[in-house]
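In the two assemblies presented below, subunit A is common to both, partnered first by subunit B and then by subunit C.
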Partner chain A sequence: MSVALASRLRSRRFLGGILRTNGGRVGFGLFVIAVGIAIFGRYFAPYSPLDTLGIPGAAPGNGHLLGLDFIGRDVLSRALYGGRSTLFLAGLATLITYLIGGTIGLVAGFSDTVLDPILMRSIDVLLTVPALLVILLLVTAFGGGSFVLIAATSLVLLPGVARIVRSATMGVATRGYVEAAIARGDSTHAILRREVLPNISGVITADLGLRFSWGIILIASVNFLGIGIQPPTPDWGLMVSENRVVLASNPLAIIAPAVLLGVLIVGVNLMSDAYARQRDRSEGHQ
Partner chain B sequence: MTDTATPPALGLKGVRVQVRRGPTIIEGVDLDLHPGEIVCLVGESGSGKTTTALTVFGLSSSGLVMSAGHVCVEDQEIQGEAAFRDIRGRKVAYVPQNPATSLNPAMRIADAITETIRNEGESPEDQETAAARMLGRVGLPQTTEFGRRYPHQLSGGQQQRVCIAVALAAKPEVLVLDEPTTGLDVVTQDRILDELLRLRGEERVAMLYITHDLAVAAKVADRVVVMYGGFVVEEGPTDEVLRRPWHPYTRGLMAATPDHVAARPLEVMMGGPVDVADRPPGCPFAPRCPQKIDACDVEIPSLVVVSAKHSVRCPEWQRTAAVNWNEQRVQAKELGETAVLLDVSDLNAEHRTRRGTVVAAAGISFQLKEGACLALVGESGSGKTTIARVIAGLHPVWSGQLLLRGERLAPKARDRNQDQRRRIQIVFQSPSDALNPRHSVGEALSWPARTLRRMSRQEANAEVLSLLDSVQLPARYADRYPRELSGGQRQRVAIARALAPDPDVIICDEITSALDVSVQARILELLADLRRDRGVSLLFITHDLGVVAAVADEVLVLEKGLICEEGDTSSILKRPQTDYTKQLLESAPSLVEAIGIWNADDKAVEDRQDRSAVEASDPSRAAGDIT
Partner chain C sequence: MVGSQLGLAPDLEPEIPTVVAPGMPGRRVHIHPAALFVLKRLAAGVLTLLVVSVLIFICTSVIPGNAAVITLGKSATASSLQRLEATLGLNRPLYQQYLSWLGGILHGSFGDSAVALAHHQVDPSIASSIKNPLINSFILGGITAILLIPLTLVLGVLTGIKANKAVDHAISLPSLVIAGLPEFVTGSLLIYIFFSELNLLPPVSLVPPGQSPLATPNILVLPVLTLLAVAVGSGIRQVRLGMIEVLQTDFVQFARLNGIGERRVLVRYAMRNAIANSIQTIAQNLQYLVGGIIVVEAVFAYPGIGTYLVTAVLARDTNEVLAASIILAALYTVINIGADLLVVFLVPKLRTELV
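The block that comes next holds the complex of A and B.
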């Protein structure tokens, strides 16, 4: 499934579709800025993100463009360093969610046996538990390491993905070309890979962006609560949380990471929105 | 028959309609419609008939503009959206193709009917009686209970009657009907057509009836207007035009229309339909015309008057050959002693839904002989598609026995061995989802050859070319994707895909019912060729008795999941034994019957003539009775 997605993301039609609308262009721009800062920002950081350089909560000036944080570290440097962890964790969590949840959805949507109700009712049980509660539970039980964070986020994102993929699969499963493949006796694996997956990858791609941005929000929230990424690691979500104490003296210490998170999430959302709209339009012609 | 002295109820003069800043859809359309007259607009998809009908309503919100000509209702020119709004529903009313989606599901039918005529201060009782009166006019029960029903509580035929009642409620001068019976069973269709003929006579409503079915036109129309590529190519009284069509397109259409009364090989028009976006500069039909002259490619021919009311847009009209209606057996080969390929015995199948179990087929037994074509015929709900799916291994809920060359077949396709799966292939009704939109034609065709015949990729690629050739598509189509193909081409690719594993039998589930007649004729010819050249047997599922006459050796008539009658095609069509088959045959529209062209030598057909003379097959007679 990841192969089909990768080829779709690589294709020119994907970007071309997004860039056709203004919303998509803005979204793409925001996304590139946020991801660029998250990945390459650290090479432009003026100071080390961990060194204490002055009075805690100092306002901008004195060579510190965004001032200093609650223990006197350079906010700009920490902001330039702090995106990678969120991006990495949310990205990996989304991918894992799609590998597991997507597979569950595909199988459940295509199966005409009891497998479908069994899988989907279990998914429904997961849906009844509030998202943050699941994460809090797992993190407090197993600690706030990257692995636990990713696993917990995936678990929360999984039901939605499984349901979306299942309904898309069911829509395709009654088409003539799928029935012809069933009548030929093609293996389930071959039918899902050849006939079903390519025809639902549009839905998946559009949904992927939304799940990813939701993953970012979840991870940032957990970090804000202080149970995710542990200090002194620089992280946008964590920075918003730990700098609460200097809100009055240097509000930029909170605003800067919050704005960066916002740029990333809004960018991804605008892109997937533009993609979904483009897809509806081009499919309408077929 | 119609009083030409009174002004026409509807007149179109030199109408040209085009896409805003885009190609022209229809050009120079003149049309007069008199009170008490039914005019049929006939043509295939893309001919401009629906656009012509929309013009009557001012082309509301369709992205089209009328850039020349004018529309008159009762000799008054209608101009501007406001003027059209005044006449819509009041002077000109519309009956849509699909009643199920055009009736508001949350509105009781009595309310739907009175909605257009409701006056302020009118009491509910008055409205109720008004609605009941309208229901009576279209042949529905006049009870209050019936009026209080919702659309989903009615059958498709009743829904269409309600739509007609809604359209008639405001006493319009003109009724425009857009394929009102397409999608209905033949028996229901026949009743609706009779109802329209009655309304035409009793209420003198002028009707513009759009259809692709010449046999339907022959039954109801006083005049027919044949359209092709946005032009009227021939028009005149039904009798004259259909007895002796002078335009090569009209002729071709008729020669391609299958008929259950006189089975004969269908003639296939060359080429494919013209696309409005790249219409040739001259006659739109020139590229397909067998008798075109050089001038046809350069300028659009003008309408030539053939007789007082009959005109044709063809300079060479006198060269148009007559249609050969002579009955001729179309059987591809003599069957007699050939071996049994597929043996179905005591098949019982059911549909399980949440509400319960519905029996779709009960005690079905039949044999398909090697190289034969067996047609399963029945109305919707007769179980014919379920039987097809059972044989294809797509409907596992059944009991009974299925033998393929004496070997027992498992219920699910997956549980059958590779050779059995290879031998049975299926083609479905809808060309739009028959092919995977993400696979090129070549990919779609090579996969079954590789999986079921263990061909290498190279062998399969060579096979693709020969498959394309056998369905008469050029080799370059291997690189095309389904969205680049027309409906007929897609269906041919679907047939090629079924041929790829080199099957013994192809199950054809209504494969031509979504196609235009000229495309259908081509597909049917293709199937006949495949039977002859490859010896493939066909299990042909259809509701169309004309198609049965054109392809099948043997027929199985199904009624509500039971076999009602079986036998060879000509005896079933000529000498039906059961009431159900008789009713089906009588309801099925037939060109030959309606216009009275038949082979006088055939006694059976003569009998039919006696029978049908009583019915209103001759429109001028029917009108004369009433006026």
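The block that comes next holds the complex of A and C.
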């Protein structure tokens, strides 16, 4: 699964397709900026993100470009540090979702056995609860550690992925080349890996971006609610909520992390939108 | 086929619409297909809700500290803990606890709040403490829904008709951007604009105890705007796609070729057939409100069911978490069933095809 996906992502058609539209170009630019800040920003931070340096909620000035936060820490430094956690958690959650949900979808879509209805019914149950509620419940039960956050987010993203992969698999399962492989006695595993997967990787790539951005939203929201990553760790979502007390004196303490999150998500969304459009056009879909 | 297009569960697809009535051996009673569909859909809804309630119950019962620990706090001794656990019924097997909890709900009782017990409040029952948050949330959600439905339909149909023209781009691109943002980002930006910069609206939506949020309508503006931003944006996209699809069907083309006026083609032919799709979209957005309200209420400190739930999660008050969760899950399911039924009744074709 990951091999086919990696080659798809590496291929020039992927990036070329995205960069052919204006929306895609803007999205790619925003994505690179936000991810660059999230991963490498900390090496340019002027201060430690944890040190109290002055009056809480001080407006910009005195060498603090974005002012100070609710306990007097440098907002710029915290913003430069605060993206990696969310990006890392959401990325890992998306990857795990695809490994598990994709496998479920492949198996369910390819088997005519009782497996398909069983898998799909259990997924229907997951869909009857609001996503954030599932995460809240799991955090209540198992605490808000990174492992729980990743597992809970994956669980929430899983039904959608399984459904999409399943219907795409069903679409190619009756094609000639798959039937030929069945006829010559290939193992199911080999058929799924060699015949089915390469032919649904376009659908998967188009869906990947949407899941990733939803993962970012969920993780950031949980952190915002105060039940995910805990203080004093710098995190964009958490920064937005903890600095609400200094809204009047230094609104930048809230706006900076909010805008960075927005840039990251909008970048991902514009890229996946551009990819989906490009794919529709080249593969003759509506 | 039709079912999967509408997002209905595949087990609702065609089946013989006759059942053998119990107690009347050999005589086949014909139940109207639509009635059978309603019954099956309701039964499926109740069943999933039961499964969900079990899962929610299990989730909250694996927490190390139970309600008794929270109630007694630091003053807990082993013997006082045991006594309280016995009074609260926490020493019984899990399935017995579940059944009595379920029985309580059916009688309108959600048990007592552990935190309220710990503070020796006069009335620790959740049923009374959850009432006002629930009403507040219904007000917030209701106002949003009333604005959401026409906005989604009008903008969606408009962009669908004008697909790939300037009007479409002017609406579709911003809605793609705005709909993708998390509620708390949108909310914070709105607070910045309308409070920090313009000083027009309050940054928090506090409601004094015993008062209705409708007494001070201006506190509702920003929360409603935030919810609308996310829900309308995603709704427009789907209604737009449905409209484009219908406009390409043969029978719309033939209506045009027959010389029927474009307005009539759009209203009588295209839009009527885009209805099924749109209802599902609206239902999804109403469902979204049930979850979206959790974060939006937190952004504006609005005292609704979402704030209630988050506070309960942070306090590890299991009974409160259970009550709020099951109410939200029930709402979610009700909206889902309602939409499925509405579609079947509004689109006659489906009535015969589905059942």
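Here is the rule we go by: the second predicted complex is superposed on the first by the 284 of 286 C-alpha atoms of A that agree within 3 Å, B and C clash if a C-alpha of one lies under 4 Å from a C-alpha of the other, contacts with A are read in each partner's own complex, and residues count from 1 in each chain.
Rule of thumb we're sticking to: contacts are C-beta pairs under 8 Å (C-beta built on N, C-alpha and C of every residue); 3 or more make two chains touch, one makes a residue touch a chain.
These numbers come from a predicted model, not from an experiment.
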Contacts of A:A151 with subunit B and subunit C, given as first, second, both or neither: neither
Between subunit B and subunit C, more extensive residue contact with subunit A: C
Which superposed partner A:M170 touches (first subunit B, second subunit C, both, neither): neither
Which of subunit B and subunit C A:L50 touches, first, second, both or neither: neither
Which of subunit B and subunit C A:G237 touches, first, second, both or neither: second
Partner chain in contact with A:G226 - subunit B first, subunit C second, else both or neither: second
Which of subunit B and subunit C A:F142 touches, first, second, both or neither: second
Subunit B/subunit C common contact set on subunit A: 286
Subunit B residues within the subunit A interface of the complex: 392-394, 413-414, 416, 418, 421, 424-426, 428, 430, 433-439, 444, 447-448, 451-452, 482-483, 494, 497-498, 501
Subunit A to subunit C touching residues, read off their complex: 23, 117, 120-121, 124-125, 128-133, 136-142, 167, 213, 217, 220-221, 224-227, 237, 240-241, 244, 247-248, 251, 254-255, 258-259, 261-262, 265-266, 269-270, 273, 286
Subunit B partner contacts - residues on subunit A that touch it in the complex: 175-177, 179-180, 182-186, 190, 194-195, 198-199, 285-286
Subunit A-touching residues of subunit C, taken from the complex the two chains share: 4, 9-11, 48-49, 51-52, 55-56, 59-60, 62-63, 173, 176-177, 180-185, 188-189, 191-192, 195-196, 203, 244-245, 248, 287, 290-291, 294-295, 298, 309-310, 313-314, 316, 318, 321, 325, 328-329, 332-333, 336
